[in-house]
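As structure tokens, here come the structures.
Paired with chain B in one complex and with chain C in the other, chain A is shared by the two complexes that follow.
After this line comes the complex of A and B, so read on.
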């Protein structure tokens, strides 16, 4: 008896060092992420890949707030990504609005869409939620396809190239790939800080409580519906922000950015990296896009390989890359 | 705009409704029994259509395709249940959903490798070409045939579930799997069979839809969305719900395409949003399980 007690009181050195390591990593999560993002374009094979990791990493981070932390599996987040992109593109292309205001409009529109979709989807529970978000996102997809005078229909939205970012006092050459990367990174870094702040707030604790046990969270007096809706909206806004960045980056909004396929990519990236962890979504986006980069060199059917890997993760590593690393570290 | 035109449109709405019922049926059966949402549903529908195409190409007969393809894909569905879904029972209800999503992704890609990325036309069998005079106007014979098959499948399902011993066990198993296990029923074998039947019916829907829709690897996405709309409106796992919802959606889409064609693709989703506001569990739904 006493032997066991002693063993618990004096942990093995390895265990202590891993635990300290992970708690330190967790405490410095925002500076560490920014540091990693700063060196990303120098370690990846191409800067195009690095920018994509930034943008899809942000989408996955926003999605993770809803799926990983609140426990709501949405299959419709392409709607917010696409809405942000289309709104920014239309604001710049059709109305000649300043890029910064256009970005704000993009975020606002995706936030409004998330509110409407959220109010409807939150009314359903359990697996209904996934089906309803998918169907509502398809509604947005077909609406964009029909409104081709605004959205360009199947050809996508074109004609709104942003070549220089005019800021008070100075301007940024947005055509230089490296400058572009760091300009986008500043926005992503700010969003990461915001997400970290949200997760550390009482609100962050309540969404995790809802994920763990909705009935108990309700019994504790939390307004579960309102909290879920707020989480849905925040998640939509972050995806919308990524959408606006994507529109500014590639100067075109393909109709596919609203497609079910894109919603699926977001889910896959988040799960591959590790849902419910801070670094997971970015690692997932990095892993997914790197796999695309490597496998598409060998075969045009790279999605088959990625799909099989995803299935294996669901079966054997449902915590994803980072989540598995954490539990492995803790068990040492 | 004559009364005749409206009556015709109403009738083609019912025909579309029959297809939608067929689209939603497999999803609803699997959910009602196993409690999982099959996100590979659309992909399996598409695979069913391709299997029909393949069998029709080998045998030269649509009838063989209609018979063999659903059995083939149903057996394939049993393999999926046995080796991919069964390990996930007892885990989070999201896990089978994520897995079947990944499976759908893989199936679409696999079909692209074997059959190419372009759509393939599937001609209507010679015996079912042409139109029939209904008194109010001419109607394609093939669509009447589809309505007939859907009614037959629904009747068979009803008899199977309500009038046979196997149906009794299935219904009891969906009400309380634990008690059934205590009573000595091999529930995992039951789930295997039900999953196979659900996938087989989905594949049959694919073969039936093939002459009416372009057979392409992407056809499953719309099917998945349609099936979700119908089951959400009707209420998950309810067969009468799926039938009523399928007909309502079919008629709404058909009527909208008469009065406001540009809204036709959107109206079913708007209808679902409306139903969610009034009855979040659907017309015939029980309260959602889980959570």
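After this line comes the complex of A and C, so read on.
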């Protein structure tokens, strides 16, 4: 009712400008997100939080590729996040490998793991797909718990702090919070550009077609299984990349990073921000982490507040923060 | 509505208003500089799991730590500076603790960190502080933190460690020829305690008849108990922490374990004993870093209890709570001796420090920075023997501070 009334009040050219605004936002989505990321450490309470937003934002964006765009609900993405982190940490700590190569190893290992898990899980669909991914991820968790001579077991992996980033020609102090933020931001920005390209490519159209109607996509001649697998692997690699960044950031790999709680967290952030949109997952990660950070400073009952807010979102804004904004903008 | 805002925005600003405004802004901006010139507050970061299964112990730690800070401020501060405690919830999650510690160091510019209540979490905090040359007093049981791989010259370990706890508990409860069955929580705490007991049992000549692992946070222990009863043991040693302790002992007692064997735990927890009836814990023996009943023999314990009672309406400090006090108070003593927060000077002061603030003489060993301190052996009282609701335990022994219960420096991998 009030929406209609407002729309009448707004003059016609303004109404049109809302639509153009939103189409412009999605056309310029990569530069816009990079711009937003540049100012992030200055508006959030701390740089450590800002780095976490980068990392979990990337995880959620990677996860969204599978969940939001391909329509597959995985409950095992912590496995890729953790595998990337562990592989990087072990490469630096146990073998003394250069951080850049170690990060590549981390991405590679999570990619391999995603291939194996993907081949096994893609055969199932719906709730069975979620269960299989969850089970496989738990397998990885217990493997890491048992292989304590490599992973540090319960105590987590330690002893691989990178304090200086050696680059060809120069080196930077990675312990400085701002330097660390912008170094990690460059990687995340590159990953965002990559995701944007993937979504704009014919492949991006195909995965959305599979999400909308799998049978029709198959009838159109697309190889649904291979496309799903490819989407699964890409999504795993992006989460793995975020894992390697997390290892570099907090200089430990907690066993919890493989736990199904982490998988749940990823789903929650994606839903909060809005699945199936480019900015949504990042905004979800930002909102979730900031809420946790700010409320836990106020009161030790912060979980209650976050819980209530989450329930309100599920009830009244099921499309998530960004999803709701988009549909609101389009209705203008 | 919009009209009102427009009016407000369009109202011309007078010259006086502008001047007053400018002066106000300038004043606010220069405030931090004036405050800094007065001598900077000593800020101590305190990450601890305020939410999660160890919340009761964590809240006790916070209360005791706040007492140490209050006492320091009441006598005029440390080296002429006020002290402030910045408590953060680490959610019993190592990654969260690392982020919180980074925040404390980078944003809040703390001078030292004290805290954490789990082996994994304290090792995570240790990793962050060691890379940034930040003082850290860890206050949770761990053997790993003593070893060379995780050693940091900036880290001091105020809590007991599993080796010393189990050595003392075994000395007073195992005998030559005792048959011991172990029920162990399957994570770092349980494993380290088991390793310590095995080592002590070997020296004493006690025999292991059964070792059973249970998952962390298990609610049902009934499947393990028949095996324990069939093992023919005369001691059941239960190595777990928090709620697991009360749950496992309660179920063991329900199955009649106490008729056949004595129950021994590495650390007898004040809060867990309070969570169940006295009959359940009656006769259970275990170690502790602190028990308020120490006040009958130790003057510093009396002083600590009295100060605690005065601040918290007659309540008493608990075992894990006392770590918060001794951790913060020993750090503040060293800062006072060093005349400031310059890390190298504080480290030298901590290494040389002899302190008796709650439980008798304590000092930090030079090689691994482990606090050498008394270890108590407690026995849970029968309901009829309790003089008050807080009169929970009998002190069986108070083993004085000694290096003999620790692993030697060379055993830990330190070069002498």
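Quick note on the criterion: the second predicted complex is superposed on the first by the 308 of 332 C-alpha atoms of A that agree within 3 Å, B and C clash if a C-alpha of one lies under 4 Å from a C-alpha of the other, contacts with A are read in each partner's own complex, and residues count from 1 in each chain.
Rule of thumb we're sticking to: a contact is a pair of C-beta atoms (placed from the backbone, for glycine too) under 8 Å apart; a residue touches a chain by one contact, two chains touch by 3 or more.
Keep in mind that this is a model prediction, so the values were computed, not measured.
**Q** Under the superposition described at the top, does placing chain B and chain C together on chain A give a clash or a fit?
**A** clash
**Q** Scan A:327 for contacts with chain B and chain C and give back first, second, both or neither.
**A** In the superposition, A:327 contacts neither chain B nor chain C.
**Q** Considering only touches as defined above, state whether A:314 meets chain B (first), chain C (second), both or neither.
**A** In the superposed model, A:314 contacts chain B only, not chain C.
**Q** Once the structures are superposed on A, label A:158 by its partner contacts, choosing first (chain B), second (chain C), both or neither.
**A** After superposing on A, A:158 lies in contact with chain C but is clear of chain B.
**Q** Between chain B and chain C, which makes contact with more of the residues in chain A?
**A** So, of the two partners, B touches more residues of chain A.
**Q** Let me test your reading of the model: by the given contact rule, A:303 touches which partner, first (chain B), second (chain C), both or neither?
**A** both
**Q** So in the superposed three-chain picture, is A:257 touching just chain B, just chain C, both, or none of them (first/second/both/neither)?
**A** In the superposition, A:257 contacts chain C only.
**Q** Touch test for A:138: chain B only (first), chain C only (second), both, or neither?
**A** Touch partner of A:138: chain B, not chain C.
**Q** Chain C: which of 55-63, 217-225 or 361-369 bumps into chain B?
**A** It is 217-225.
**Q** Intersection of chain A residues contacting chain B with those contacting chain C?
**A** Looking at chain A, the two contact sets intersect at 303.
**Q** Which stretch or stretches of chain A touch chain B in the complex?
**A** Against chain B, the touching part of chain A is residues 73, 75, 120, 123-128, 130-132, 134-136, 138-139, 142-143, 145-146, 214, 259-261, 264, 267-268, 271, 301, 303-304, 306-308, 310-311, 314-315, 318.
**Q** In their complex, what parts of chain A are in touch with chain C?
**A** Against chain C, chain A makes touches at 45-49, 52, 153-156, 158-159, 161, 163, 175, 177, 246, 250-252, 254-257, 296-297, 300, 302-303.
**Q** Residue numbers of chain B touching chain A in their complex, please.
**A** For this pair, the touching residues of chain B are 36-37, 39, 84, 87-88, 91-95, 97-99, 101-103, 105-106, 108-110, 112-113, 221-222, 224-225, 228-229, 231-232, 236, 262-263, 265-266, 269-270, 272-273, 276-277, 280-281, 287-291.
**Q** List the residues on chain C that touch chain A in their complex, please.
**A** 50-51, 55, 88-89, 91, 93-95, 98-99, 102-103, 106-107, 119-120, 123-124, 126-128, 130-132, 144, 149-150, 187-188, 191
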